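One structure follows; several queries about it will come next.
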Amino acid sequence: MPIRRTARQIAEQFAIQFPEWMQLEMATGDTIQFGVDRKALPPITRYLRDEEQARFIVSVGTDRRLDAGYFEITNIFGLDQDQVFLLLRTEVDPADPNIPSITPEIHGANWAERELQDMLGVTAVGHPDPRRLVLPDDWPDGVHPLRKDFAYNQRPEIVPGRNPELKSPPEGSTLFPIGPFYPTLEEPVFINLFVHGEHIVGMDYRGFFAHRGIEKLGDAALTYQQVPFIAERICGICGFVHSSCYCQAAEKAAGIEIPPRARYIRTLLLELERIHSHLLWIGLACHFIGFDTLFMQAWRIREPVMWLTEYITGNRKTYGMNQIGGVARDLPEDAKDRILPVIERIAAEVAGVADAIVGDSSLALRLQGTGILSAAAARDLCVIGPTARGSGLDIDARRDHPFAAYGDMEFEVCVEQGGDNWARTMVRIRELSEAIKIARQVLDKIPAGPVMADFAEIPPGRVGVSSVEAPRGEVHHYVRTGAGQRPDRWRVRAPSFNNLQSIPALLQGMTIADAPISIGSLDPCFSCTERLGVVDQTTGQLRIYKQADLLAEFRHKRERRTR
Amino acid sequence: MFRHTISELKEALVCLQAGQVTLRYPFQPHPAEGEFRGLPAVEASRCIGCGACANACPARVISLEDIEGYRLVKFELGRCTYCASCRDACPQEAISMSPMFETATGAAADLVISLRLKLAYCRVCGAPLGTRRAMEWVQSALSETGEYPGEMIKGLEMCLPCKRRQALTTAILLEEVAA
Amino acid sequence: MNRGLLNWCFKKSIWVYHVNAGSCNGCDIEILDVLTPYYDCERFGIRLVHTPRHADALLVAGPVTRQVRERLLRVYEAVPQPKLVIGVGSCATGGGIWFDSYATYGGLGNVLPVNLYIPGCPPRPEAILYGVAQALGLVPKQVAAQEYVET
Amino acid sequence: MTLDKLGLHIFSTLVFPGFFFTAMVGLFLTWVDRKVTAVVQSRMGPPWFQPYADIGKLLGKQMLIPRGSRRVGFLLAPLIALAGSTLAAVIVFQALFDPAASFVGDIIVLVYLAALPPIALIIAGAASRSPFGAIGAGREMSMVLAYEVGFVLAITIVLIKTGSLRFSELSAYQAAHGPLLFSLSGLIALVVALFCAQAKLGYLPFDISEADTELIGGPLAEYSGSGLALFKLAVAMTFFHLPAFLVILFMGPIEPNLFSMAGFLIKLAILLFLIIIVKSTHARLRLDQALHLFWGKLAILALAGVFLALIGW
């Protein structure tokens, strides 16, 4: 185990390594930001990949032409051993909107750079596959929604007759389309499999059917405290993860310290969410291979968790709890008495189901040796979460970048070496009991006190990044605060964004029958991936004039409520 | 083969242990527990049309419009996200989250709540100032404090241009008197 | 066939095809939840089918994104007559939190003729069951537009 | 042939014990299947009339013919499936209710007729010209080749044991020597035949050609309305007459009296229960795994059974 370095030490080391290319701009807590010349991106990326084993997280593109006169591209890396996020900030001249592509160095950057091209109009030169990724097929060229001069509710004219630019199948193979509506995919996505008989020889992907353009909504309405609600709706399964992650990033940017009780409540809800999400996945995985009985049983076991969260938060899925500064409501007084029996029962039933799954030969036949992702491929594609842990990568944001109350928790990071569907299933089954363990610890240790921090205005121009380990892997949010009541840029990287890019590797050499379960084994979440959570801040005019005393009254009342 | 049978039996056991769990809903009610956030309910008689809820709502469900002597406060609850931001924002506690969730309907218009609140007008020029209820609420709140003179509270019933004009006129008058 | 008998059959057997038109997943998993033991919509003869050709009703969740619209229309065409369209969730009902975004069409009603809306974010499984039961005439409609004029 | 005899034939084909009877009972058994599955899955399940309502509704719905499909094949396939099932049902149940109607080699004829619905599926898949249909048809073809071998071997064992392929003689043999099931080779034949029956019905773990979650129904993916209804009816009828056939083959003599009929029903219930439980506790096999099973283990087992039968076990 190498020695953990502090942000400052790393910063100094880099400054020596690349004196002429990197200017240190920020080194606080777990975040280091360098200003980097765009020419230097590929060599630095290579260095980070080879010497630092850095994990590429995401690229963020911001249109800062109005306040600074350039496009800003920030590439975020995770130095997991040092528990540090490394931000490489590059300025791009609007007259020449190009950056050198880093995808040839790290394949996991593929989509992030294509997204830059679509949404901001900054071209990644040297990208191996620069086709359209995010925007609809009928979207006109040259219109980039993330530019500040594009209004959020503008609906550009339909360009008729444009079909997705799909690869043509290799000689002698036939097309087998999956989607856009396919029974095992809860969400629309289009995957063209190229098959010889039953054998898959290649594939092509067109996703982003669920792109809802969350980004521009902030233009008109969303304020700092409204964003958690839209963040929650990035994904209906792991919504709380997104709202927590946004709030943490914003809190980091603004320097807000939230009360310990709020951190524990977040941890509790995150783990409850993991329990229901993993049970949901186990059920769906069984459904994919036709085993409906186990699907029904897994969901039966899961249902009490939904009732529980409904009781605690007022909604089954969209809890509406997170706010910058803490959580909006405290737990009900009898929360502990309600939660413990439910999770104990689930623990017992999960043990039964796990036994059944491990001993079931028909499941083993379908899961073992299918959908294999090697550790090297997993690292290159920057996959995360159970997908990475099933391939032997020992990463988990809860341990590597501690957040909420995870620093106080004891738990095991479940790693399996197989890399196949079976390994990913085992990881999730083991994580279920870990989640139950964590939930118990939270209930034992939760401190009393307030759940909301007091804070003044959020200062503009600050950057905060945060990771949260979602059931599917690490969720990463980037927040750049803006003047007024809105973030200047909010970027969401969902785990499926990386994990989906491993589908070609997973399906190589498999048969059609293995495709649904292999894709499903990633627990893909397309709505997460396709959200593009970005809130742009502009000088939105208020629709209704406010009276100062009304506002004072309202603040007073709100404080009363949150206490 | 033998192990297979054992695991099969175990599975069957897991399944049968639970027994039949199906709820009899909708023939027997199954209400949500705790502070479930169902369809927002508006107590129209308390609403003063201030628009705090409209500012707070992330889904921008609530709109305000002044037409024909009334302020129209419209809740298009079809796209409501049930986040309770409006409830928390309302200074009058006019909005509450009802436990109602059985809201299926054939027409989205069934989910619209519209309130027409009378407007207050400028005493002088007749320009609309906001709702009458809001005016009365502010006035009574101010007079309760006892710190403000009556004419100042009465002065709220004037629009800004008229107030300025009045102030100017007064100033000019004073100047003239002084001269 | 006898018309009354046929109508009875239509009411007792509804096969639904579930379409995600850009929803966040919340409604989708609640729709699946309705199949599972606690709610078990098979009681009402409702089954989830995997191709629109077998379907009697489309269960659409999501605000209908720009990319999905054309495909949604194609699915609608593929459903044999007579067919029902049910919008599930606040997004399908009114476009949800992204009703005016550049990437959506702001609700199912703007794209297809809709027979029933089931609002909720996401609707509880009970709400979905209630909606379906309401369509079958088992339970009454409970909401109506409210108008209030200050006097 | 006199007119009333013709009428009788028509009646026995269309009403009893042919189409109408088998379809009605078959649909009822489909409900039993769904109900038992529901119980295993801890839920309530559908009301008893559900399968009837499903079929009635499908018959009342529009039947879409997809663009680009081969119309004749597309329209004929469901009829072939239904005709095969109906005729097979007539032979099985005449053997049951009217042993005198048995003719030489009726079991062989039955085996051929029972192969019609899968062939209809292959036609349907090929004619609908969707990738799902095409791959489903290909899978069905491989499956037919695989499970028919086992099925024919199982029947060969019966032939060796009883020296006849005629229901009436079979019944007489079992009345004299006890049910075939009680001999080792007979038991092996039943086990092999049960596996094949599961595959013939297209039930889990062998619903490979339809595979809802992979091929979204395979050959049936493009069918709607009455076409789909006919396929569903054919499967429902098969679900009745195929287990009944196995009962007659292996589980003791059939005599036209109440006691024997009650015994028949109990035996049938046991077989159905087995089929349903296997169906609801298994994951779907992949095609290559299923082929391995049928060409490998099961074929060896069946050949061993033939050998045992030859040496008189």
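Remarks
When the chains are written out, they are named A, B, C and D in that same order, and each has its own residue count from 1.
Please note the rule applied: a contact is a pair of C-beta atoms (placed from the backbone, for glycine too) under 8 Å apart; a residue touches a chain by one contact, two chains touch by 3 or more.
Note that the coordinates shown come from a computational prediction; the quantities given were computed from them, not determined experimentally.
Between B-C and C-D, more contacting C-beta pairs join the chains of B-C. Centroids built from CA atoms put subunit C at 29 Å from subunit A. Rounded to whole angstrom, the centroid-to-centroid distance between subunit C and subunit D, based on C-alpha atoms, equals 37 Å.
The mean-CA centres of subunit A and subunit D are about 49 angstrom from one another, to the nearest whole unit. The set of subunit A residues that touch two or more partner chains comprises 183, 220, 229-230, 233, 293, 296-297, 300, 310, 315, 318, 360. For subunit D, the set of residues that touch two or more other chains comprises 40-44, 212-213, 216, 281. Each of the following residues of subunit B touches two or more other chains: 8, 11, 15, 18, 20-22, 32, 58-60, 81-82. Because contacts link each chain to all the remaining chains, their graph is best described as complete. For subunit A in complex with subunit C, the touching residues are 136-139, 145, 150-156, 180-181, 183, 186-188, 208-214, 216-217, 220, 229-230, 233-237, 239, 280, 283, 295-297, 299-300, 303, 306, 310, 315-318, 525, 527-528. Interface of subunit C with subunit A (complex): residues 17, 19-30, 32-33, 35-38, 50, 52, 62-63, 65-68, 70-71, 75, 96-98, 100-104, 121-122, 124. Those residues of subunit D that touch subunit B in the complex are listed here as 39-44, 277, 281. Contact residues of subunit D toward subunit C in the complex are 34, 38, 41-47, 49-50, 52-54, 56-57, 59-64, 212-213, 216-217, 220-225, 228. On the side of subunit A, the complex with subunit D involves touching residues 174-177, 182-184, 195, 197-198, 286-293, 296-297, 300, 360, 362-363, 365-366, 511-516.
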